[in-house]
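Quick one: this structure, given as structure tokens, is what I'll be asking you about.
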Amino acid sequence: MSKKKRRTLSHLRLLRGQRKKAGMPPGSVVYTGEQPAVPQPTLFMLMDYDEAVFEERMLINIEQAFDFKMKSTATWINIDGIQDESLISKVGKHFELHPLVQEDIVDTNQRAKMEEYDGYMYMVLRALQYNYETHEVESEQFSLILAKNYIITFQERPGDVFDQIRPRLRGNKGRARRLGCDYLAYSLIDAIVDHYFVILDVFSERLEALEDQLLNNPSHQVLTRIHELKRELTLMRKNIWPLRELVNAMQRTHSPLVSEPTRLYLRDVYDHTIHIMDTIESLRDVVSGMLEIYLSSLSNRMNAVMKVLAVIATIFMPLSFITGVYGMNFHNMPEMSVGWTYPWGFWAVILTVALTMLIIFRKNKWL
Amino acid sequence: MSKKKRRTLSHLRLLRGQRKKAGMPPGSVVYTGEQPAVPQPTLFMLMDYDEAVFEERMLINIEQAFDFKMKSTATWINIDGIQDESLISKVGKHFELHPLVQEDIVDTNQRAKMEEYDGYMYMVLRALQYNYETHEVESEQFSLILAKNYIITFQERPGDVFDQIRPRLRGNKGRARRLGCDYLAYSLIDAIVDHYFVILDVFSERLEALEDQLLNNPSHQVLTRIHELKRELTLMRKNIWPLRELVNAMQRTHSPLVSEPTRLYLRDVYDHTIHIMDTIESLRDVVSGMLEIYLSSLSNRMNAVMKVLAVIATIFMPLSFITGVYGMNFHNMPEMSVGWTYPWGFWAVILTVALTMLIIFRKNKWL
Amino acid sequence: MSKKKRRTLSHLRLLRGQRKKAGMPPGSVVYTGEQPAVPQPTLFMLMDYDEAVFEERMLINIEQAFDFKMKSTATWINIDGIQDESLISKVGKHFELHPLVQEDIVDTNQRAKMEEYDGYMYMVLRALQYNYETHEVESEQFSLILAKNYIITFQERPGDVFDQIRPRLRGNKGRARRLGCDYLAYSLIDAIVDHYFVILDVFSERLEALEDQLLNNPSHQVLTRIHELKRELTLMRKNIWPLRELVNAMQRTHSPLVSEPTRLYLRDVYDHTIHIMDTIESLRDVVSGMLEIYLSSLSNRMNAVMKVLAVIATIFMPLSFITGVYGMNFHNMPEMSVGWTYPWGFWAVILTVALTMLIIFRKNKWL
Amino acid sequence: MSKKKRRTLSHLRLLRGQRKKAGMPPGSVVYTGEQPAVPQPTLFMLMDYDEAVFEERMLINIEQAFDFKMKSTATWINIDGIQDESLISKVGKHFELHPLVQEDIVDTNQRAKMEEYDGYMYMVLRALQYNYETHEVESEQFSLILAKNYIITFQERPGDVFDQIRPRLRGNKGRARRLGCDYLAYSLIDAIVDHYFVILDVFSERLEALEDQLLNNPSHQVLTRIHELKRELTLMRKNIWPLRELVNAMQRTHSPLVSEPTRLYLRDVYDHTIHIMDTIESLRDVVSGMLEIYLSSLSNRMNAVMKVLAVIATIFMPLSFITGVYGMNFHNMPEMSVGWTYPWGFWAVILTVALTMLIIFRKNKWL
Amino acid sequence: MSKKKRRTLSHLRLLRGQRKKAGMPPGSVVYTGEQPAVPQPTLFMLMDYDEAVFEERMLINIEQAFDFKMKSTATWINIDGIQDESLISKVGKHFELHPLVQEDIVDTNQRAKMEEYDGYMYMVLRALQYNYETHEVESEQFSLILAKNYIITFQERPGDVFDQIRPRLRGNKGRARRLGCDYLAYSLIDAIVDHYFVILDVFSERLEALEDQLLNNPSHQVLTRIHELKRELTLMRKNIWPLRELVNAMQRTHSPLVSEPTRLYLRDVYDHTIHIMDTIESLRDVVSGMLEIYLSSLSNRMNAVMKVLAVIATIFMPLSFITGVYGMNFHNMPEMSVGWTYPWGFWAVILTVALTMLIIFRKNKWL
């Protein structure tokens, strides 16, 4: 149980990085996430494209990407790994990122938000992915710098939800290469939001399984699992709410970085976030209903137990009293010596009393 | 029970189409509804009219409708069946619908919304219909393209709630043919909203039946049925809320597609949606009250059971103690041999004790 | 009980008229209220006045009122009875009322609202009246057409809450005849709102009675009556909320139909509606507290019952065990034949055990 | 108990005045408060001052104050007692108060509000005062007319919370006489708001006492007293909420009646009202927590009782069964005649069974 | 227990200062905090700096700081101790602080707020610090006057959360000395907000410990501690909410006192306050879930106890009845004398009955 708990309270744990940082000057680039057991090298991936040309490269060091800052083609620089604080500072310096942006990139406790700075936008959101092997929801912070000619994205770990976007860029399918950096930014956010649906789908499956258990075999364990699910839904709602604002702000910005056609697509993502909110609310309502049913089933079972007890006591107490009477040693009990009193008389009385009680219970619907 | 549950959680199931689509490029025309066991042909119905002329046709293929795009008369193209994704693309291409609109038409998870595009409006809402045979609420997604001279509507299945609108068009009764496409759009939405009242009426009947059961024979089964009803009301509220916004947006749009007289009628539909919201809230309040009554009736019955148990135990335990005393084998018990102790003395004591207890219980209102 | 229920759910019943109407063209003038057992004739009452002149007439048919449309004096046409749909159409035609207004007048399910049309305002609200004989709240829909020189009011039944307004008009007391139609409209709305206070007063009396019962003799019946009252309060809140908007809209309208002095009076009515809202909230809080007290009193009584049971069992079980011991037939029980064991020894043991138990219970505050 | 109840529901009683007034023409000056057992004379107090001069007078009749209407010095006319409706009309006539203002002054059911009229502002609020003798909160309606050169205040009874304001005026201390009528109005409102803190302080003391009782000796009586306190807090919140709006409206008015320096002070009062709201919310949270603790302590005690019962029954039922066995009269029971079976064998079995049961209970933490 | 309670209700106690002050003229400089057992001397610390120079001094009296008012370098005057009301008046007079500001500085009940005056801003907030020795959260009021060239801060006690800011000023690290007074004000607020995270972290650790206890050994004591934690969270939320408004107001002010670069940093603090709100909400949700689990675990344990009781009674009552039958003294009981009835027949019946009961219980999952 304690392992379970640790997982569900983990979002509160994250605050510890915050404690470490308390009192540091603002703009301090301090990684606050978990340190991996084995240090992971930071990976750099670069895609440079316009409608005509396409280039994809695995970089050895980040400096190789620096020349693309000024190139007029769209460039996507993806950085997997944010533990190396000096690297982030180097990127920040070259691309002229505000110290607070650099701080936020490596502080893995960010709420989703969009901030506009001179010449670029900074977005940060949380990407969720369901791991079908460990049956856990994996979460990582995703930061995105959107400028006129380049996008820089920062992820905590290799592996992401963009596996269906890259081939589209390579194959020049659809609008992907025709529209610029803002459309790419939209595509990335859209992919992240789409994966929220996958998580919710997993949750709703779990909920159905729990509901089956609840109706067939309600136990305290089911209760704790329902509460765990409720917490995860609450957590997810806390993630999606600011994400909605992010998308809305991006859609309504006056910045020239976001073109008109992309805004229409952003409206679509916005609708998706509202749809997710709605689904989370529905699931939470279902969970609340399940808790109510659980509690009333407890009362019902108590009632059933009490009825059995009452029935048994009500039948056997009078009977035992009768046996007690004829177990007394009074010298002058004439019934004792009359021939038919036992077994005929005695058992007739006993059966009459017992049957009368049973009929009364049946009438009151206790049996 | 599990069949029941499946139905009530079905709105969560719908997300699975979403899972299939996760990661696809935006504007992908992918049908996400249920595949019918037997493939259904898509049906096309066309009505072309103005105040003077009226033409109604069953089309063999959608291309037959394409010429009406430019005709100045009002044209209503109704398409029953949206599984054929290529067909929707064909329509989308000819009538210049935005890729996102095409995607939404076949994605049966839409919240009600109204979106304005150049030259047309796109509306999507959920039509509910009560099936008096299966006693189930049937739901389908209804999409509507409103342009100057034509309306295109998309439905999941044949059969709809517009059976009273078509004769009005044919017979040229009332305002139906005098006012243009926007009035037709209004009429369709109005018919859908009116059917929400029918559903609510069915729900309130069910609720009355459940309340009767609850007062006469409260059982755990009634509880689960009340919770089911509560879920369906919640679901319905989730449908009606964005519908209200849709109607409001349509009423307040600056678009010339909606004429002044039609706006007055839209205000009326808007009032209806608020009335529905109110009624749903009333029903939910009633449901909450019923749940409270159920829970307190559980406690009451427990109290009743406990009282019976306590009364029986309190009367017979002392009596059994007395019989126990005179069942003892002490050699020197003088009472045993006094002639009147049994039956007169003994039974007098027994009856006195029992009656005293009964009087006490009666005084304390336990009996 | 079922009669009771029928009354409290009656507001949901009203939807049935709505079901009948579903699918009809907008503007259909269809009466949706209850049909009286005996058909009631429609009554027409006319008052025509300015500061100088005053005329009051009972009309035989509505056509007698038509000439007053153009007269510059203020005219109040009151129509009691809205079952006759053709009559309403006739009035609607002569006074040029929008079809939707005609529809709303006879559809007795309206939420309170105010709608402005060219040349007149349409208001609809619900008038409540307490019937001191049947002890029921009677409710009827009140529609009001406010134009420059006339007011037309529609009521479901004869008998209304305006009995103190008519003498003021007749007697030319106060501002009643000096100020025009808008002041009359205000007076009528004010009278209706004032009667809400009367209803609330009746409710608070009932609540006090219920609270007395709850504290002296809590029963399941009291619970259902509290819930009934809660429902009626909820219903009333649903009525008053849109009424507040109506008054506010009327006060803030740009229409010249409402003069400046009247607006000050409307602000006063607005305050009254807020006061009513507040009182309803207070009563609902009281009701919630009563329900909590009821539930905890159930637990308390259960505790009391359980304690009696536990006390009885704890005292008599050990005692019965002792009698059982000396009822055994072992041949070698030396206590049996010692002279003082019975009654002195035995009863000493019994009393010691019983008293010890009682002292323990007293110490633990169980007795 | 019924006396208690009467007090806590008293705010609902107040509606009865409203019932009496229902249907009267607007602007009717009708006193709706309680009629004192002994008629109280109305008292008039007048203070006239500027920075240089100060005059204080007890008036015999209100006409003596009429001349001060035009005097350029600041004049405070305080009227204690509003039962005399004709007097209020006289004042209203002389100072040109709107009929609705006159009506509100004597209608003691007003929500706090501020209304601007030509040349004056009307404010009404509720003054609370803790009576340390009766331990009750006394409440009276306080009306205030703020004009350029005079303030008229109306109170229900002699005795108020302004005892520290008058000496400041007399002694010309601080800003009191330098700043004009608006500062005086502010001072009066500030004094009333400050006394809310006193009431809340009394409430929090009571709450502490109740919490002590709840932890040491939870009883149903404590519950009802907690609910009473909750009601009083709710009532107080209902009073303070519109008061906040009053202060805010006064601070933001465009009227020249309120000078700039006074506005700064009003911001301070506004902060106080928010602070009071916060404190009320805190107290309500504490109350809710106490109710939860009470309910779970009920369950806990029930558990304790049940455990005792179960322990006693589980120990003595098997023991009684054993004694029953050896009380049987079978002829052929060899154990009976073996010498050591009683007392050694029998009592060994009895003690073994009893101790085993006790050890099991101890292990399961039931004892 | 009573010591505990005193602490958690302490925020309500604070109102007592308010009671003392009720009725005093506005602007009265009255210290409302606790009087320390031993009077503490007030400490004055001064830092004067710009990018080039830095001076730090411990002052003997406040007059030594007065000359810095006009100096163009940034000056930070920190005052530890606000019990000395005359001192505050002296400072207020020299630096021309509004009387209401002086009043608020020494009134330790302030909600966080920011107020703009001519030439300076006044901010007040609550600084929390976790004392790792007493395991208590220490709270003090922090007031800040921000002017062009100086900052004056007032704290209740020596010792604060700024230990990491001073070295940065001394060492001229980062932006601290380059940016002016507004950046220093931001730094101080940021440090206070950062410490809220520390407190929350401590709370979440406590919560985990409580959750462990709840799952392993639920007791009434855990319940009261959960409620205490809930209260502290509620209190903290009440603190952070106005703090959020303070930061927002400071960020959006039109005042030239706050420079553009500092505003970006304030946006960052604003995000932190929202993050804290979110975390508090999460913790409150966790607490609510824990309370629900606690209550249902009570019901579960009750069920377990009742089942044991029912099982014991159901098995032994019939058995005792049988022994009762054969303990009767009827003369004519043929079973008595048949040789095999005891022990074979009797014990076979007893075991059959007992085993049948056990099998039934096992089937119904009671055992």
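Every chain is named by a letter (A, B, C, D and E) in the order it is written, and numbering of its residues begins at 1.
Please note the rule applied: a residue touches a chain if its C-beta (ideal position, glycine included) is under 8 Å from a C-beta of that chain, and two chains touch if they have at least 3 such contacts.
Since the model is a prediction, treat every value here as computed from it, not as a measurement.
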item	value
Neighbouring chains common to chain D and chain E, by label	none
Between chain C and its twin chain D, rotation from the CA superposition, multiple of 5 degrees	70
Copies chain E and chain A - interface residue numbers shared by over half, same or different	different
Approximate Å spacing (C-alpha centroids) for the pair chain B, chain E	43
Computed distance of Cα centres, chain B from chain A, in Å	27
Interface hub residues of chain D, defined as touching at least two other chains	299, 302, 306, 309, 313, 317, 320, 324, 327-329, 333
Category of the chain touch graph - line, ring, star, complete, other	ring
Touch list for chain E against partner chain D, complex	1-2, 5, 9, 11-13, 15-16, 18-19, 21-27, 98, 100, 109, 111, 113, 115, 220, 223-224, 227, 230-231, 234-235, 238, 291, 294-295, 298-299, 301-302, 305-306, 308-309, 312-313, 316-317, 319-320, 323-324, 326-329, 333, 335-337, 339, 341-343, 346
Residue ranges of chain D in contact with chain E within the complex	161, 163-165, 168, 173-176, 186-187, 190-191, 194-195, 197-198, 200-201, 204, 207-208, 211-212, 215, 264-265, 267-268, 271, 274-275, 278-279, 281-283, 285-286, 289, 292-293, 296-297, 299-300, 302-303, 306-307, 309-310, 313-314, 317-318, 320-321, 324-325, 327-333, 366
